[in-house]
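Chain IDs A, B, C and D follow the sequence of writing; residue 1 opens each chain.
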Amino acid sequence: MDDDVLTIGGHGFTSRLFTGTGKFADDARIPRMLASSGSQMITVALRRIDAEAGPGNVLDHIPPGVTLLPNTSGARTAEEAVRIARIARAAGCGDFIKIEVITDTKYLMPDNWETLKATGILAEEGFVVLPYVLPDLTLAKRLEDAGAAAVMPLGAPIGSNRGLETASLIALLIENCRVPVVVDAGIGRPSHAAAAMEMGADAVLVNTAIATAEDPVAMGRAFALAVTAGRMAFLARMAEESREARASSPLTGFLGAED
Amino acid sequence: MDDDVLTIGGHGFTSRLFTGTGKFADDARIPRMLASSGSQMITVALRRIDAEAGPGNVLDHIPPGVTLLPNTSGARTAEEAVRIARIARAAGCGDFIKIEVITDTKYLMPDNWETLKATGILAEEGFVVLPYVLPDLTLAKRLEDAGAAAVMPLGAPIGSNRGLETASLIALLIENCRVPVVVDAGIGRPSHAAAAMEMGADAVLVNTAIATAEDPVAMGRAFALAVTAGRMAFLARMAEESREARASSPLTGFLGAED
Amino acid sequence: MDDDVLTIGGHGFTSRLFTGTGKFADDARIPRMLASSGSQMITVALRRIDAEAGPGNVLDHIPPGVTLLPNTSGARTAEEAVRIARIARAAGCGDFIKIEVITDTKYLMPDNWETLKATGILAEEGFVVLPYVLPDLTLAKRLEDAGAAAVMPLGAPIGSNRGLETASLIALLIENCRVPVVVDAGIGRPSHAAAAMEMGADAVLVNTAIATAEDPVAMGRAFALAVTAGRMAFLARMAEESREARASSPLTGFLGAED
Amino acid sequence: MDDDVLTIGGHGFTSRLFTGTGKFADDARIPRMLASSGSQMITVALRRIDAEAGPGNVLDHIPPGVTLLPNTSGARTAEEAVRIARIARAAGCGDFIKIEVITDTKYLMPDNWETLKATGILAEEGFVVLPYVLPDLTLAKRLEDAGAAAVMPLGAPIGSNRGLETASLIALLIENCRVPVVVDAGIGRPSHAAAAMEMGADAVLVNTAIATAEDPVAMGRAFALAVTAGRMAFLARMAEESREARASSPLTGFLGAED
C-alpha cells in the first residue's frame, strides 16, 4: 500500500482521507485528529482564515506537511468563487482550491454550472482546482476539459450523514473520468467511506462526521482505517455477489462413512 | 482500543474478526492471512481435520494462539451436530463449537430449531457453543437460556457476499441479547463488516470473501481494518443522520462586507 | 385477471389484498373500506368479538361474503393459540384461523416454534391454518408438512410501515413453498404491496397502513390497485434490470442526413 | 380522483402515466396499450415520424385524444434539439416537446446545460417544453425560470429498469419546484411507479418496461393501476414509518380473565 500514491496537482498523497476544519467544538482538537487519521489534506473556509489573527486562527492548528485546501464556501456565483480563491492564494494558502458555489440555502446543493465556470478561470490561473459538484457525468467531463485536477461529487447533502445516496451516479464518474474522483459530503460512517473506496473512488472527504463525533480523534482514526480497508479491497479485487449460497465447508455426508 | 476485549467462553479476544479455513485455493496461505488480519479465532469443518493426517491437514496451518472453532458443517440434525462436536473435542480441538445444522442444500439456511436442541445438549456438556442461525429474536433468547456463549446470525446466504440483508432483524438481536452477537455469512466487503460493527455487533465471521479474493492476505488485512473502524465508530458514538443539509463552513455573506 | 383465483382452504379469492379490523378510529368505516378495496378476507382479534355484543361488535361491520380470519392475537404459547382458535370456531367465526404467538412485547416478533406447534394441532382439527411467522425457509417447509394452508411471513415489524425489510428471506419462501405465501406486517405503502406481488407473493395482508390513514376508504382502494398492478406485472413477466442504459429512441445521426 | 387533474401547457390530464412509442416489437400494439393504460400523453422520436409515410408511420397508431410529445432524441447540442423541435411542430405534431440532449452514448445521461439552453429558446417560441434532465435542484429552478412547463428528472439510466436510484435528488425537486415533476427513465416495475407517486411526483413516463414486456397491453394496465395507487396514497396521506412495532390487535392478557 505504501506505493499506492494518489497524485493531485503534482502532490502525492498516501492518505486517501481528506478532512475538514468546520464544526469542531474546539479547534485545538484538529491537530490530534490529523495525527490520528493520518489525513494529509484538510479543507478550510477562507472566512476562517484571518491573516492578522491571533490564537483564534484555524490555520494555527494545521501542522506543516498537511496540504491546505481552502474552499470558497459562501460563494453564490462563479465570480465570487474566483475572488475568494485569489484572496486565499494571496493570503499564502497555496494553489489548491476547492470550489463550492451554492445558492440553495436549505439543501446546500452545488451550482454545477457556476462551478464549471469558476473551474475554467482558476485552472487558467494555475490553481489546482477541486470542484464540489452534483455527480453529473456530462458535467464531469467538461470539468476535466476545463482543467479540474479532480472532481468532488457529493454522496448526500452536506452534513446529512446519509451516505452514498448518489452511488449509481458516482459510479459513472469513477468509470469515465481521467482525473481522480473524491467523494465529498454525506459520508457519515466508516462503512460509507469504505463503500466509496470499494467502488473505486480515489479518495473521500469527511468533515461533519468526524468533527461532530463525541470523540473526533477516535473517529478520525476510524475513518482512516475504513478508507484503507476499502482501498485494499478494491485493489485486491473483491469476490462477486452471488444469487445463491455457496458452501464454505463440505456439506454432505459427513457422517455417511460411519452410518 | 487495547482494553476493548470481547470475551467468549472465558477467552478474551482483542480481534473482532473471526475467519474461516474453507475455500482457500491453497491452505498454505492461511497462516499469512491470520497474520495479516490479526484474527484470533478461525472456524474449520471437522471433516477437514484428520488426526492421522500428513501435510494435508488444515490444522497444520493454524498457528498456536489462534482459537480453533470447529464447526458441525454437514450435520442435518441436532443429533448429528452433537456427534460431530464430541468427535471434535475428542480429537483435541478444544471446547469451542460452532453449530451448523442445515437441511436446505440450495440456500444453506440454518435449521434454527435443531440448532437450539444441539445448543442445549452441548452447553450441558461444557462446550462453548456458538450457534449459527437465522436472526430470530425469540429463538435467540432461547439460545441464551439454553447456554449459548454467543449467537451467530446470518447476514445473507453463506458465500453470497451480499452483505447485511437481514440487518433489521440482526438489530433486534443486538439490542436484546445478553450474549455477544457475531454476524456470520454473507459479509462480502469490508464496508459490510464495518456496517455490522457500527450497528453494535460484537464481532463478524468472514470466510468466503477473504479466502476467494485474488489476494487473501491483503483482503484479510482489509477486513481487519474495517472491523476496527466500525468498532471504533460505534464506541465513539457516530453522529446522527439528518434529513436536511447542515453547513460545514460558514455560508452566507462571505463577501458582503466588501460589496 | 378474473380467472386468476387464489385458493386457500378450499375458498377461492379473486382479491389478493387481505385486510384487518384493528386500529380503525371508527369501525363504521370498515364496510366502506371493504367495498373500496374489494378485500375478501379480513382478520379480527378474537377479543374484539363478543357473542353477546351490541352495536360495538366489530363483526357487525363485516358484510357477508367476506371471509373472516380470526387471529390469536394475545396468545403467548401454542396452547393459548389453540384455545383461542377453538373459541373462535365455537363462536361461529368459521374454520379459518391466523395464528399469532408473540412473546416479545416490544417488537412483536412471532414465536416461530410455538406457532408451528399450534399449526399442527389446529390443522389436525380441521382448521384452515394461516401461521404468521418470521420468514424462515426451514420452518416454512415444516409448516407445510404440519398442514398449514398458507404461510404469512412478516415484511417488517407489525405497524412499522417499513416495507419489505426481509425481502431476501421472503423470496426463498416464494421460490420453495407449495402453499400460498401471504406477506403480512410492515407493508406501509402501496409500492410495498406492489413489490411483494412482483416478487411472486400470492397475497398481502395490510392493516395499519389502511386503518390509520387519514382516509382509510381511499387508502384501501389504493392498496387494492397496487396489489393488482404487482400481480399483473408478475404474470406479464417484467423486463429485467440492466446495468447499462438502452435507448428507447433512435439516438445517433438524427440530423446527419442534412448536415 | 376524477377532479385530480394535472395541467401542463394548458392541457389537463387525468392520467398521470405518460408512455412511449419506442421498442415495441409491433407498433400495432400501441393503440391497445394506450387503451389499457389510459395514458393520455405519449412520446415519440421525431425520426420515427415521416410526413409522407405509409403504414409504417408510428403516428398512425396513436389515436386522437392522446397528446403527442415529440422528443429530440438524437440531439447532441441545444441547437440540434431546437432544430428537431421546430421540424416536429412544422410537421403538425403540436406544441409539446420533450427535450433530450445526450452526448454520452453509453449511459445516455442527459446534458443538463445544453438542455437548459434549448428550453429557453423553445419556450420563447411558444413551445410547451418538458426537459429530460439529471435531477439537479439548482438546474431545475433555472429551467423553471427559462419557461419549462415541467421537469423530467431521470430515476435511473434509460432502459435500465433499475427504479428510483436518484430518489433523494428527485425529492428535492418535488419539494421545491413550482412546475410539475415527471419522473422519466429507469422505472422498470409498477412498484417503482407507485413509489414515485407516493413521493409526490406529478406523473411518470414509462416506455421500456411496458414496450418490452411479454404482454405490453397487460403491463400498461399494471403501470396505470400502480400510478393511481401511488397518487391516491399521496393524497390520502400515508401513515409514517415507525422504528418500533405497534400492535394491530390487542396483545396482552387475552386469556387472563379465565386463567
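One rule holds for everything that comes next: a residue touches a chain if its C-beta (ideal position, glycine included) is under 8 Å from a C-beta of that chain, and two chains touch if they have at least 3 such contacts.
These numbers come from a predicted model, not from an experiment.
*Asks:* Name whichever of C-D and A-D has more C-beta pairs touching across its two chains.
*Replies:* More C-beta contacts join the chains of C-D.
*Asks:* Among the chains, which has its CA centre at the largest distance from chain D's?
*Replies:* The chain lying farthest from chain D is B.
*Asks:* Chain A to chain C: how many Å between their CA centres?
*Replies:* Going by mean C-alpha positions, chain A sits 45 Å from chain C.
*Asks:* State, to the nearest whole Å, the distance from the C-alpha centre of chain C to the C-alpha centre of chain D.
*Replies:* 31
*Asks:* In whole angstrom, how far does the Cα centroid of chain A sit from the Cα centroid of chain D?
*Replies:* 34
*Asks:* By the touch rule stated above, which residues of chain A touch at least two different other chains?
*Replies:* Those would be 107, 109, 162.
*Asks:* All pairs of touching chains, please: list them by chain label.
*Replies:* Contact pairs between chains: A-B, A-D, B-C, C-D.
*Asks:* In their complex, what parts of chain A are in touch with chain D?
*Replies:* Within the complex, chain A touches chain D at residues 103-104, 107, 109-113, 134, 136-139, 156, 162, 165-169, 172.
*Asks:* Which part of chain B faces chain A closely enough to touch in the complex?
*Replies:* Residues of chain B touching chain A: 20, 22-23, 43, 45-48, 71, 73-75, 80, 83-84, 100, 102, 105-109, 157-162, 188-192, 194-195, 198, 207-209, 211-215, 218-219, 221-226, 228-230, 232-233, 235-255.
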